[in-house]
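First chain A sits with chain B, and in the next complex the same chain sits with chain C.
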Partner chain A sequence: MNGASHIASSLSAILPILILMGTACVALMGDVFIWKRQRALTGIVALIGSVWALVVNLQQILGYGSSEPFSGSLVYDSLSQTTSLVLLIATVLSVLLAITYLRNRGLELGEYHVLLLFSASGAMLMGAANDLIMLFIGIEVLSVALYVLAGIARTEERSEEAAIKYFLLGAFASGFLLYGIALVYGATGTTNLQQINHLFSAKASITPILVAGIGLLIVGLGFKAALVPFHQWTPDVYEGAPTSVTAFMAAAAKVGAFAAFLRIMNAFMPVQPAWITAIQVLAILTMVFGNLLAVVQDNVKRMLAYSSIAHAGYVLVAVASTGMIYRHAVLYLSQGDRAAMFYLLAYVFMTVGAFGVLVLLSRSGKDYQTMNDLKGLARTHPFAAYTMMFFMLSLGGIPPTMGFLGKWLIFNAAISAHQVTLAIVMALASVVGIYYYLRVVWMMCFQEPEGAPATEHPVNDWAARWSVIVSLAGTLMFGVLPALLSPIMTGLYH
Partner chain B sequence: MLTGYIPILAMVILAGVIASVMVFASFLLGPKKPTPYKETPYECGMTPVGSARERFPVKFYLIAMIFIIFDIETIFLYPWAVTFRSASHAVKLFNLIEMAVFVAILFIGYFYILGKNALNWGEAEEPTLKPMDRDVFRSRPPIRFGNEGSGPVDLSKARAISGDRTESVPETTGHQQGS
Partner chain C sequence: MLAVPTEYYLALSAILFTIGVIGVLIKRNPIVIFMCIELMLNAVNLTFIAFGRHFAQINGQMYVIFVMAVAAAEVTVGLGIIVAVFRTKDTIDVDEVNLLKF
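This part shows the complex of A and B:
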């Protein structure tokens, strides 16, 4: 392929990422120079940009193409396209959530939307990375923007604490990741994932340096995905950050990290014995501790943080039962990969939806966060209460929802990959999960409202309301009719 | 396999031994005639006035950060300029466009800084001391150098030069000959 056409095809392959970044730049300039007083316009520009990127991404998916842009440093296949789709859905929903919420909280900063778009583009880069260096760049673009977003409520101590904690631990985790990349390079002589895969397919030699490298990679990514021994920051950061940031952080950072997990683990498939035990142990720890610690939480945001840890454990079960198949140089995803992507989409709908309900309930200057705040919500705010109920049922994995179907797919994949222990632990942990999800429902529907009724009603936030409605529609529709996703995820269903 | 590293190991050990011998020998053998003058944090330079834990405008960091952005641009431009000439015409055009895009993105950052008035130092307020900090300065004993009244350094004159700070530090009560 000659240079010019290679560049052109490379650029068109990453068009959704370019659109997001370009929109972010335009929004930033507009925010500073053009519409200085009307900050909501920045949000609307960001919304238009992310919807545009979503449309382009859908076109790409339906085009069923695959290529390796930029001399193989990125890869553009069904996995990266689906990751982009999931991330763009999360971005659109988060931008919608934030527009009025930021004004209510007195945080109306144009930078919010700009950073959100940059962060999302970083996560998309992680999903498309075919090279460990690109993966690292993606993870940094994602994280640096998130560090700032976590502390965007500058005047609040909790938000500052969240930002500092996330930044320090995140920088530390980046160090681990980078060291892991260096060791893998030392063991294989390349940072290109496909070359690593070919190398080990020809001769699977497990050396100590390779095992150490993979281990450090798992630690670095495990931090971003909030797996259990590396999860300490999660509840504090999720609680301290403004709720709309938490929704995006919970969705995008996790999707990006798991896309990277799937890529790396598939590259190291021929040397599976070197890493499978670590993933299994992490998955069991994450599922068990995530669920058990969520039970004792009184703060809804903390509870959702631990629940997001537990969900990371479920997706890790899918990672443990992964294995892409290259047939005639075309990539076919295994059952585990498909289950992971489906579950991540379900997770985005459920989590953004659940945090979205909290955003919807927040009054000026105050977040709605404790279990007591939720008492008797069905009477005072029926819309919020009943949508929250569906998100809780979906997070718990109760049948007519996407959460159930995702869990079922992962369970299935784990059984057919002979990960029986993981499947059993997952089933048991889910049972514990149902307790605390239903506790929220019980608080909302069967408890009397506590104290005097709030004099100040939540602002009528149409944008956030639409975000919650779309999340709910996704959760229910794809839970009942998952076949609707098959034209989109066709690459995943071959 | 690792025999090639033996000279390096030997050098590390030798360097450690020599350095520690030098430090310990001067510690054991050297004559010690301490004067408080010698024990001030900076033996030469300004006479210390007040605490080092002062507030200063955080804009210094901002300037440092902005500097790094453009510093990296310069570093990136050098290898680009060196390899530019050797490329073919088509690649030259591509390189030119690529660098233009890179600089344009950097300039978005620069315009953002300008638009946010980050480079506007005019309105910067003097850092004001909180009452607590002022008390800390008051309760602090005056610094004595051991040569007051006899040595070449006239502390009271030095204080007078440093101006308005004099009020916050109480006058020394009686001079003492070196300890």
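This part shows the complex of A and C:
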């Protein structure tokens, strides 16, 4: 293949990422030079761009291609395409939420949508990375934009505090990740994940420097994915950041981090004894402490933060039962990988939906955050209360929702990968989880509202409303008819 | 000419990295914490270059350029956030910002 056609095919393979980055540049320039006073237009442009990228991504998935663009530094296969799909859905939903939230809070800043799109493209790069250095670039593109987004409410102390916490701990974690990359480079002489895989398939030699490298990689990614004991920043940042940012952060950063986890762990599959214990211990700690700490929270955003930690633990069970197979240079996703991707999609719908309801409830005067605020919501805001109820049931893993089906797939994958302990801990932890999710439902439906009902001006919140409706539709539809996803996620690559 | 063995470089970078980690954990001024993070990143750069020389590959040195570019982007954003915190709180001490509850 000559140079020009190689570049052309490389660029077309990462077209969704290019569309997001291009849209971000157009939105930025337009916001500064063209539609200076029409801030809402930036959100519309971002929405169009991300829907466009989503359509292109779906075409790619249905085109069943796989290649290694840019001389093997990226990889374009079923895993990267599915990761992109999940991330683009999260992006579209978050842009919709942001359009309403920014207007309600008087924060209409054009750079918000620009940063959001850059951040999403970084997460997509993480899913497509075939080289540890590309992975590092992706994680930084994702994070640097998120640091700014967390502090976008410049005049609020809580938002600024969240930003500086996220920034310092995130930069600290990338130091660990990078040292892990350096040590793996030293142990293998390459940073290309496929070459690492071939190297260990030929001769699985576990050296101390390799174990240290993998360990530091897990610590670095564990910070991003908010695994216990690297989770301390999560509740503070989720609570302090503006709610629409929290929704995106909870979805995109976690999906990106787990896509990277799946890639790395599959590359290191031949030396599985070097890392499987660490993943198992982290999964158990994350599931147990995430659920137990969520029980005692009185702030809904904080509760959802701990719940997102618990869900990270469930996905980590799927990572522990991974094992992709390369056959004739085509990637076949294992049961664990498919369960992880299905669960991440379910997680995006449920979490963005739940935060979306909080966005819908936020008015310039009042931010719905504590459990008391939710009292009697079924009477005052029926739409918000009943949609929230379905998201809580799905997060708790009650059928017929997508959350239940995702947990069931992970449970099955863990059993067939002989991770019985993990499967049992997961089932027990989910039972604890049901308690605090149902507590929200109880507060909303069976408690009297506190104080006099505040008179609220009717506001135009079509965007957030649509975001919540789409999330709800996804949660229920794919929970009842998972076969709709089968060409994308389950049957095809088997 | 006496060549310095690769292990010496690795030991030095491990020591520098550890100093950086300890600094992040015990310091209370975010700018100093940030300097310690930079120390960690530069210790990693030293490791990359040492391994690159060990394997006689150009990759190690290329990675350092990548890391330096990313670190520069992080500095820009980080200092901006620190200024924004100072404007809202009139202090940047991490105890006042109630940070790092390890």
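Everything below uses one rule, namely that the second predicted complex is superposed on the first by the 485 of 494 C-alpha atoms of A that agree within 3 Å, B and C clash if a C-alpha of one lies under 4 Å from a C-alpha of the other, contacts with A are read in each partner's own complex, and residues count from 1 in each chain.
To be clear about the criterion, a contact is a pair of C-beta atoms (placed from the backbone, for glycine too) under 8 Å apart; a residue touches a chain by one contact, two chains touch by 3 or more.
Source: prediction; values computed, not measured.
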Review point. Just from the overlay, do chain B and chain C fit on chain A, or is there a clash?
Key: fit
Review point. Between chain B (first) and chain C (second), which, if any, makes contact with A:Val148: first, second, both or neither?
Key: second
Practice item. Considering only touches as defined above, state whether A:Val295 meets chain B (first), chain C (second), both or neither. Key: neither
Practice item. Decide which partner touches more residues of chain A, taking chain B and chain C as the two options. Key: C
Check your understanding: Looking at the overlay, does A:Glu157 come into contact with chain B only (first), chain C only (second), both, or neither?
Key -> second
Practice item. Could you look at A:Ala4 and tell me whether it touches chain B, chain C, both or neither (first, second, both, neither)? Key: first
Exercise for review: State whether A:Leu62 touches chain B only (first), chain C only (second), both chains, or neither.
Suggested key: neither
Check your understanding: Does chain B (first) or chain C (second) touch A:Val431, or do both, or does neither?
Key -> neither
Exercise for review: Classify the contacts of A:Leu28 with the two partner chains as first (chain B alone), second (chain C alone), both, or neither.
Suggested key: first
Review point. Shortest C-alpha to C-alpha distance from chain B to chain C once the two structures are superposed, in angstrom?
Key: 6
Revision key, fill the gap. Touching chain A in the complex, chain C uses residues 10, 17, 20-21, 24, 30, 33-34, 37, 40-41, 43-44, 47-48, 51, 54-55, 57, 59-60, 63, 66-67, 70, 73-74, 77-78, 80-82, 84-85, 87-89, 94, 97-102
**Study point:** Of chain A, residues touching chain B in the complex
**Key:** 3-4, 7, 25, 28-29, 32-33
Point to revise | Touching residues on chain B, where the partner in the complex is chain A | key: 90-91, 94, 105, 108, 111-112, 115-116
Check your understanding: In the complex of these two chains, what residues of chain A are touching chain C?
Key -> 133, 136-137, 140, 144, 147-148, 151, 154-157, 160-161, 163-165, 167-169, 171-172, 174-175, 178-179, 181-183, 185-186, 189-191, 232
